[in-house]
Amino acid sequence: MRFMAAMLAATVVLPSAAAYATDLEVTHWWTSGGEAAAVAEFAKAFDATGNKWIDGAIAGAGSTARPIMVSRLTGGDPMGATQFNHGRQAEELVEAGLLRDLTDVATRENWKEIIKPASLLDSCTVDGKIYCAPVNIHSWQWLWLSNAAFETAGVPVPKNWDEFVAAAPALEKAGIVPLAVGGQAWQAAGAFDVLMVAIAGKDTFNKVFKDKDADVAAGPDMARVFKAAEDARRMSRGTNVQDWNQATNMVITGKAGGQIMGDWAQGEFALAGKVAGKDYTCLPGLGVNEVISTGGDAFYFPVLADEEKSKAQEVLASTLLAPATQVAFNLKKGSLPVRGDVDLAAANDCMKKGLDILAKGNVIEGTDQLLSADSQKQKEDLFSEFFANPSMTPEDAQKRFAAIIASAD
Amino acid sequence: MTGQAHTGRPRRLLRNLSSKIASIPMMLTAVVIFLGGTIWTVVYSFTNSKLLPRANFVGFDQYERLWDAPRWIVSIQNLAIYGALTLVFSLVVGFVLAALMDQKIRFENTFRTIFLYPFALSFIVTGLVWQWILNPEFGVQSVVRALGWTSFTFDPLYNADIVIYGVLIAGLWQGTGLVMCLLLAGLRGIDEDIWKAARVDGIPMWKTYLFIVIPMMRPVFITTLVIIASGIVKVYDLVVAQTSGGPGIASEVPAKYVYDYMFQAQNLGQGFAASTMMLVTVAIIIIPWAYLEFGGRKRV
Amino acid sequence: MSDSVTLPAPAATARAGAEPWGAKPRRALSGRNIMLYGTLLVAALYYLLPLYVMIVTSLKGMPEIRLGNIFSPPLEITFEPWAKAWASACTGLNCDGLSRGFWNSVRITVPSTLISILVASVNGYALANWKFRGADIFFTILIVGAFIPYQVMIYPIVIVLREMGIYGTLTGLVIVHTIFGMPILTLLFRNYFSALPEELFKAARIDGAGFWQIYLRIMLPMSLPIFVVAMILQITGIWNDFLFGVVFTRPEVYPMTVQLNNIVNSVQGVKEYNVNMAATLLTGAVPLIVYFVSGRLFVRGIAAGAVKG
Amino acid sequence: MQNSVSIKDLSLSFGAVNVLENLNLDIGDGEFLVLLGSSGCGKSTLLNCIAGLLEPTGGQIFIKNRNVTWEEPKDRGIGMVFQSYALYPQMTVEKNLSFGLQVAKMPRPEIDKRIARATEILQIGPLLKRKPSELSGGQRQRVAIGRALVRDVDVFLFDEPLSNLDAKLRSELRVEIKRLHQSLRNTMIYVTHDQIEALTLADRIAIMKSGVIQQLADPNTIYNAPRNMFVAGFIGSPSMNFLRGEIAGRDGRPVFTTNGVDFALDGYDAAETLRPGRKVVLGVRPEHVSVNGEGAETHQATVDIEEPMGADNLLWLKHAGHTLSVRVGGARRFAPGTAVKLSFDMGLASLFDAETEERI
């Protein structure tokens, strides 16, 4: 019970509407520095309503946290709320009746109007009912460049992918890894998706991932993407790190020229005290095709028997989407808010670029929403192998890629 | 207890009643969990279950896909290499250490503790530390290079061709201590007179070990084998902590395939199909042997 | 003792001084000893290296770690990482380090260890001394069960525990540990009890003692060595367990390994290797101490339990 | 007699514990010597030193006049048989017999010849293809003897070879070992704690206690003229009656007196040297007392318990505050409480100094 006391001491309980001070256990896998700081904003806001956020953080997104969450749900001992990738992944839990219908809250709070882009809420919708609260927008399509690294190599900071490829030999000569790609499989797969939008364009992306068109996947446009991936593979040799933020750290410290990574990498730059535009450069859509995807995180609320807790769930859902919470959370997290109506004055250069693109509507859906986790995993297996194994030709990889798309559902 | 076979027939069910009652937890575990869980897994491997198990049967689809997946093939190959080498090395190294420890040496306690302590640590820890030591940028390679041998290359975890040996180094580090202990205990159990007889007969020490002592240690080797082999089949955490299966898919193992497809890919059917294949392989090897070893033989 | 003393043969007396006498002289640095201790020392180095790296790293500050050489001793010893790992490292929102999980780990390990050992020892006893028809089949299933990857069994067990209504409770977790400890422990206990002299058991039966009486009065008091082995194996296994600890409990009772995982696997910008290593050592401390203290008993117990088939 | 094995000033200590101290022993060629003593007396240690299985801390060992103190066991020309048989369990009997010879690179025909000979002597032909686990205890020990036999050596060492066998087998095999010795005429050194084995087999017996040989002599001497009370008490079953008392002078002749009862020492060898007042212990074996028989001097006693043993009958008697055991013929029965007259055969009795416990 010692830690309970510690908890009480840690979360300075605000003296407020203590009419229903309910503990709500929230599980999530946000444990890295920036993430934890961001989630603390949620907790603070929720505690301010007189309830209490019991933190159930488990590091390691897919492999560790998800089976635990699913086990808890199916085992009949659900948590109060849980982070989950929205989109295809939670559908089955909804169908099994394990997750709570939030339509009432959504209607009351008018989510349909305020959440932009609308595709976010669509991902939460099953049979016309809303089951999750999206909390942020993450986009993958960013190339982060270390200004210092290019200075060392004596070449100007590139403005797009092709210039970057051209600058690679100079970087290598200076002992700098041109492109940092962490060893975990999802990073290679993600980088490929980014290359795909940048080089083959939005339409090809949608044909392949939305329409599952295997012919396009095997076609000449994609062949160009695979050629670019081969370049990336060559440039990434010598990375020798596993985690994405270790790869980001190589860019931060100038050991690597750049990294293709989602906007969450920005949190790491911020934490290291780096300033966008001065210390590092960000190129959305690799500087070629300024399109960003609108994936993101969402919270789901399991069906609970306890009425008090059910009420607290509603409070939490509306708290997560409250304008102030959205701003505070997303600034820390390095992601974009899901509401079009909040003012993000504090946003830095890169975020502003993102907001601009968002405003122009140059968006695509994230692969998480378009593909099943199963296809995603197969894709990860393929690209992690491709990036690690120089003897695998782009042609072979493309064949296998087309096969995955053909069998995707 | 062969002697009890002659008790009268009417009491058959009641005979050994206490023993049967006391064995209920074991029977339940064996039947409900291990057997039931296995059957459940096999049945659902024929479905297209995704995130949640659903009885929507699709025949052998999952198996076809499994054997088409390059990653599964690599996993099986890796397990074969890792398993064979782990068995050979941990038995050989474990036995050599045990034999050395059995030479009435000084500081036996110290040495034994040193060899055994890694077993107290979790695989996660083992993987992490070895990932570090084998990292070319600040581990062994960089240290040797700093000493002046600049062309020295030792980066098993970042070379797809040898990565499984990097995992092996860590696995052996953790596991051989226990093997050493088991075999040392076995050596200590050998009748002192056997050694004396061999010496009087003029049989050199290595021949005594090879032809007399090792054959005598069959039971302890079997226990050791069960423990090592069950660890090999289940190897998962070590790979996750050390390489995450990389570079690429070069150090993937079947248990990780099962886990990844069950929980990351949310394709339970695929995961179950993979685990069924693992179980079938294990069962083909183990069941006949286990029954002979532990069941068929009467107590001497 | 006049008739026991015989005069030595003349030839022998003459040679006695120059002849072999007493123990054959051995040089301390004989080839055999160099080989023996040399091999042991090299092996010991291989085993100690990671521990050395862990300790050394945990005592360095981050700037020093960035300098590179992981084998060099710390220039400036700092206990900051240890303090941080124990009391202030963050896992999600909770920044009270490993300390929050320590007592949970104890609360999980103690009952799980005791119950799993008791159940397995009764199993082993029944299999060794009171074999009934079909017992072998159950035992064979159990041994094969030792080869099933834990992860595969998660869903079936979740379903079983849910049906029993104990999912998410400590009881449920204890049962899970008992189940997965059962194969190897039962094997050890069965071997041990088989190796005890059968006369003991027969004598007790003739005296009219029943199943439980023989177990409690005769077998249990004689099986200290194997209990020590089982205890060491279980404490190590359960203390280090992560998967079951999170899948089958709730955050209030998460064991220490969950915090370790969160500290090690989540990264605050730069990986704080020194804190990771300190956390690793702190988490491993309990099983390590158990090993250091009872290593000798371990070998003795294994000798009793594993040698006889 | 030519010495086959000589031990000179042999000492062995484990740390501070001295197991053997300056032990000397010579064993003649073809002699059957038994080392007898209770467990922990150092007899097995001594045997292991002779075999070369233990290193002495001091002293020398000669076999066939060759100093073998630093030699390996295999080079000493010995064969050894162990209590636990120490057969190699995974090898057939034949392999057990031949393994050592094969390792020594002996040509196959020679090995076959030796195995054939050992097989014939020990009658183990039908067992050759079996494994030790398929043999009875007696058969195993025969094979173990065979393994020593094929080495064709001069000296055989037996380390309690019969202790693991049941009584019947033990006596059978005892006879066989005796027969073996008679036909081979090899030197045999035999360790046992069983006095019957010692008495039946030995040419000479060395009785050991605390690493020291108490007496080394032929069985008859050991039995009838034990050197000290330890030897006297150790040999014989039931053991010798000891009566504590002192020497008194009666009419100028020494007598032994205890609890007011006198025993004339007429037949005793060293009686003249006894000075009155000396504290002594009289030792009389149960079979050296006659009941209701002819004797110069008789003593009154009552029967307490009788133990009929078939061939003879053992009486436990109350006499002058002592309990005496007396052996009489099996046919002579006495009801408890019967009063009897005893006479002692002083010629076969022993007197020990009460202080030194040495024979007078």
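We just call them A, B, C and D in the order they show up, numbering each chain from 1.
What we mean here is this: contacts are C-beta pairs under 8 Å (C-beta built on N, C-alpha and C of every residue); 3 or more make two chains touch, one makes a residue touch a chain.
Chain labels with UniProt names: A = Probable sugar-binding periplasmic protein; B = Sugar ABC transporter permease; C, D = ABC transporter permease.
Every value quoted in this text rests on a predicted model; they were computed, and no experiment measured them.
Least step count on the touch graph, chain A to chain D (ABC transporter permease): 2. Comparing chain C-alpha centroids with the centroid of the full set of protein C-alpha atoms picks out C as the closest. Ranked by distance of CA centroids from chain C (ABC transporter permease), the top chain is D.
Ranked by C-beta contact pairs, the top pair of chains is B-C. Note: centroid distance chain C (ABC transporter permease) to chain D (ABC transporter permease), computed from Cα atoms, is 50 Å.
If each chain is reduced to the centroid of its CA atoms, chain A and chain C (ABC transporter permease) end up 41 Å from each other.
In this assembly, the C-alpha centroid of chain A lies 38 Å from the C-alpha centroid of chain B. The geometric centre of chain B is 55 Å away from that of chain D (ABC transporter permease), both derived from CA atoms. Residue positions of chain B touching 2 or more other chains: 137, 259, 262-263.
For chain A, the set of residues that touch two or more other chains comprises 67, 74. The chain pairs satisfying the stated touch condition come to A-B, A-C, B-C, B-D, C-D. Across the complex, chain B meets chain C (ABC transporter permease) through its residues 1, 15-16, 18-20, 22-23, 25-27, 29-38, 40-41, 53, 93, 96-97, 100-101, 103, 105, 109, 111-126, 128-130, 132-133, 137-139, 142-143, 146, 173, 177, 181-182, 184-186, 188-189, 217-220, 222-224, 226-227, 229-230, 233-234, 236, 255, 258-259, 262-263, 268, 271-272, 275, 278-279, 282-283, 286-287, 290-291, 293-296, 299. Within the complex formed with chain D (ABC transporter permease), the chain C (ABC transporter permease) residues making contact are 1, 3-6, 8-9, 11-12, 15-16, 19-24. Contact residues on chain C (ABC transporter permease) toward chain A in their complex (touch as defined above): 90-96, 99-100, 103, 151, 154-155, 158-159, 161-162, 167-168, 246-248, 250-252, 258, 261-262, 264-271. Across the complex, chain B is touched by residues 48, 51-53, 72-75, 78-80, 82-91, 99-100, 103-104, 147, 151, 159 of chain D (ABC transporter permease). Within the complex formed with chain D (ABC transporter permease), the residues of chain B that make contact are 191, 193-194, 196-204, 207, 211-212, 215-216.
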